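For reference, chains read A, B, C, D, E and F in written order, and residue numbers begin at 1 within each chain.
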Amino acid sequence: MSTATPVSRFPVPELNDLPDDIREKILAVQEKAGFVPNVFLALSHRPDEFRAFFAYHDALMLKEGGSLSKADREMIVTATSARNGCLYCVVAHGALLRIYAKNPQVADQVAINHRKADITPRQQAMLDFAIKVCLDSAAVGDADYEALRAQGFEDEDIWDIASITAFFGMSNRIANAVSMRPNPEFYLMGRVPR
Amino acid sequence: MSTATPVSRFPVPELNDLPDDIREKILAVQEKAGFVPNVFLALSHRPDEFRAFFAYHDALMLKEGGSLSKADREMIVTATSARNGCLYCVVAHGALLRIYAKNPQVADQVAINHRKADITPRQQAMLDFAIKVCLDSAAVGDADYEALRAQGFEDEDIWDIASITAFFGMSNRIANAVSMRPNPEFYLMGRVPR
Amino acid sequence: MSTATPVSRFPVPELNDLPDDIREKILAVQEKAGFVPNVFLALSHRPDEFRAFFAYHDALMLKEGGSLSKADREMIVTATSARNGCLYCVVAHGALLRIYAKNPQVADQVAINHRKADITPRQQAMLDFAIKVCLDSAAVGDADYEALRAQGFEDEDIWDIASITAFFGMSNRIANAVSMRPNPEFYLMGRVPR
Amino acid sequence: MSTATPVSRFPVPELNDLPDDIREKILAVQEKAGFVPNVFLALSHRPDEFRAFFAYHDALMLKEGGSLSKADREMIVTATSARNGCLYCVVAHGALLRIYAKNPQVADQVAINHRKADITPRQQAMLDFAIKVCLDSAAVGDADYEALRAQGFEDEDIWDIASITAFFGMSNRIANAVSMRPNPEFYLMGRVPR
Amino acid sequence: MSTATPVSRFPVPELNDLPDDIREKILAVQEKAGFVPNVFLALSHRPDEFRAFFAYHDALMLKEGGSLSKADREMIVTATSARNGCLYCVVAHGALLRIYAKNPQVADQVAINHRKADITPRQQAMLDFAIKVCLDSAAVGDADYEALRAQGFEDEDIWDIASITAFFGMSNRIANAVSMRPNPEFYLMGRVPR
Amino acid sequence: MSTATPVSRFPVPELNDLPDDIREKILAVQEKAGFVPNVFLALSHRPDEFRAFFAYHDALMLKEGGSLSKADREMIVTATSARNGCLYCVVAHGALLRIYAKNPQVADQVAINHRKADITPRQQAMLDFAIKVCLDSAAVGDADYEALRAQGFEDEDIWDIASITAFFGMSNRIANAVSMRPNPEFYLMGRVPR
């Protein structure tokens, strides 16, 4: 688990020194992805925070039900993380967005300017709301709910959009503050048709 | 658990309908505080998110070790939540700040303008950093770490400041998006000398 | 008139050294309020400015006629002073707002996020306009007048809202520049039911 | 006193209907300037506010003593009023600045970009501070005082700079809110060498 | 071609040392205007950039056809250059605007606050769009096109407004970065009726 | 030259209908790149602007001399175009940056947050300056020149950085206003090692 370039400003424990549950979670993701995304390594420095972070992440991103697709969720993450200038999250979640959407261009599009992206009007409304929650949540009000309902979103979906934005707004701030680096593997994922 | 004014835009489950662990946590806080802060009720609508939220909260706010006092932690929450225009968090955590700091004025001071607050230079530096993480985390860099170290903060403290800011930045966005209302009890807590 | 903590960055004259009219005004407010709000002391350093300041203040805040209640006026002051980060004015006028509105929560609400405050739609429109005058007066136009008229405001009321906002925008800038400190008495005023 | 274009959104009383002191002040300025600046007409709609406004104005702008020249004072007004997008004040006080400074270019320079103006380093520091008071007074602190003292300003001068900025910030907001129009005479004043 | 005050931070070649086409263009403008605007001198330091700059300038500003008058074009330049704080362009193109519009006041009006200027609703819409392209082009969308079409603009006119704004946004940035100074002659041009 | 998705909001002439010089330039770029970047097609709608645009582009980007490498130039374009939210320029010039820098990650890094990019301190200073010219050119001053000279830049390099930023700031605004779409080929260019 040595890395040529540092994972973040903080030390990363040896795998053997980690609590069992955390080591197992890390080995599982390595098994699945072929590498360990740095967010797992960086947060393993703080086991309790690691557990809560991924529990929250999974509750929002692996949630059953609701009308947000996996691609929708990653699109929210990519677009709002770009507004927060978070290198780790745009690169890592942009990769997931490309894969779930089976679209090699959409992650760059929503990161740079979602208004010019090849997405549906429903997704435009979803991102408009997510970006408002990201940048000016104090101004969210009834009109925002109405705009989303007009696109067919249920109130439970609105909770999801807001919470995903809020959770990754937290993740963006942590990643920026500790200089978490994206793994090189993410940059190319989902860009080349198999 | 009926409330004259709504807890948030979303429904709150009956206490009896909640999973045992959540009901017990709510009853425990009611026992301790004399009332149930609305954030427990609002999030009980989503049990998995409730569990992760409070696990993360406790990992950061009840953490042993480090040089941040409980008052320092609540000061970070109050100052940054004010920047995010979050009524719930400023009112609720301002109350906790007054109590932990044994100071009836400091919460209003850091919420309105921390530069004019009666706090130490170390706390000024702590809040300067927290507000930067809150408003412009993409610009955080070495100079920010140096400024905090010059005030005697360890790097682990810096992680704490950043993570508390980030976690409550999430909380602020959720509270604003769902219109979470502060309990009336918070407004006066810690203001009147006993 | 010695003070443990300074009133501002500038010296405060002895009461006996002040011109008669200013000394009398200060003694009158002390008689009425039980203490001398620091703005009287801070500005007594400049007698001509003191006189003009309070003449303007009284013309706007003690004005007969118009449809703005005393609570409305203090609500404008509290909400806009918060946007300007003015500790003195939020604390002092928040106290007056609580008293006039007979509402211990409303000052904190409009200072933190007026959109989440328990106020009428008419007051929401009043504060929306006041905050626009406060933050971006160059953009005020016909549509703003129409929005206020739709809530029943006369044009003379609009003059009042704009002028109160403008006057306290001046007061906020002076208070911030000279570090005017709120008297400790203000923090608790109007919070505890008698 | 009829005007082809309106003075503001609000009615202007007939000269004969005004209180004596206000009519006399208006006639005096007409005698001196050759025309009545619209700010006198617009504010005559509210006699008490008229009196307080000009009393404050005169206390700051006609003040004896201190190290700010008349040109310095008008330079502060012109530069900060431009930041507030106030047509009346930039045009009217830009005219006064040109006359007092005997410089036909300086008003346009400080209105557009004071950093490129042909002014002294002392005046640059004065405008840097004034613009900070204008745009972000909550951030004013010790370092700002030090920077001005380093240019030879006394603390009383700093009070003057801050108060002039604050007073005209009020004036800018009122003028923008009521659409006060500058008299055509101002545009050319001080531009043509006599 | 010696100048008492510098043209910019960069050296200006002697007229005789310039390529023929550039020297001839400079002599032609001197013949026509009576002086050489400093932008010609400043850019002559880079002949290839000089040629491309003026070719682009002429394509946009001397263009035949379309519904934008010469005054309209200079009005766009003046209003947007003011938003960019470009002393050279506001002073130089404000002069041209006064001349083409035969209006000694309009340049100051649109530079300070176009909403308060004595211009047509069509020109207001034109400047609203230009300022949006200037300050937030990423947000331009269908609604902006509709608003302009509603005022009678063809899509080709919209291209012109956007391109003029964009070209002078480039010019503003170069002028600010190299400290290009406006010639003194511009300040008074078009202000005095002949 | 038919395209499934539109090149921009404006029509693209048939190749045969274009002036000879423009058609030849388009055929040459197609020969070299294997496709015609949409900026050539979009601007061919306006031949004179096309010619001036590419003459200026080539003067800045193909310039001999100076210390900016081709990768440096494209890095400036990528970083500043991201700040302007220009999809076309980030995607197209990010591709060129990857190729010139022989680095598949650097374009995403500088587009998202140049402070976290794997670039030299000299490039950091270059981008700091470029982004200041992009976002706040009115504030550029001596200190910015000093910071660049301290990294070994000559004043002629500073002109280059400023002019490249300014030129692509123009390009960004045009592309955003006319909705210029990047060719799909750009997204993957330079990402896969050959």
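Keep this in mind: contacts are C-beta pairs under 8 Å (C-beta built on N, C-alpha and C of every residue); 3 or more make two chains touch, one makes a residue touch a chain.
Being a predicted model, the structure only gives us computed values, none of them experimental.
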item	value
Distance in touch steps, counted as few as possible, from chain C out to chain F	2
Neighbouring chains shared between chain B and chain F, ordered by label	A, D
Shared interface partners, meaning chains that touch chain C and chain D	B, E
Identified repeat of the C-D interface (over half of residue pairs identical), from B-F, D-E or A-B	A-B
Centroid spacing, where centroids are CA-atom means, of chain D and chain F in whole angstrom	44
Chain A-chain D separation of Cα centroids, rounded to whole Å	51
Euclidean distance of C-alpha centroids - chain E vs chain F, Å	23
Residue numbers of chain F (touch at least two other chains)	85-86, 113, 138-139, 176
Pairwise chain contacts, counting only pairs that touch as defined	A-B, A-C, A-E, A-F, B-C, B-D, B-F, C-D, C-E, D-E, D-F, E-F
Chain A to chain C touching residues, read off their complex	138-139, 141
Complex contacts: residues of chain D adjacent to chain F	113, 115
Contacting residues of chain B [partner chain C, same complex]	5, 82, 85-87, 90-91, 104-105, 108-109, 111-113, 116-118, 176, 179, 181, 184, 187-188, 191-192
Chain D residues within the chain C interface of the complex	9-10, 45-46, 48-49, 51-53, 55-56, 58-60, 63, 84-86, 133-134, 137-140, 145, 155, 158-159, 162-163, 165-167, 169-174, 176-178
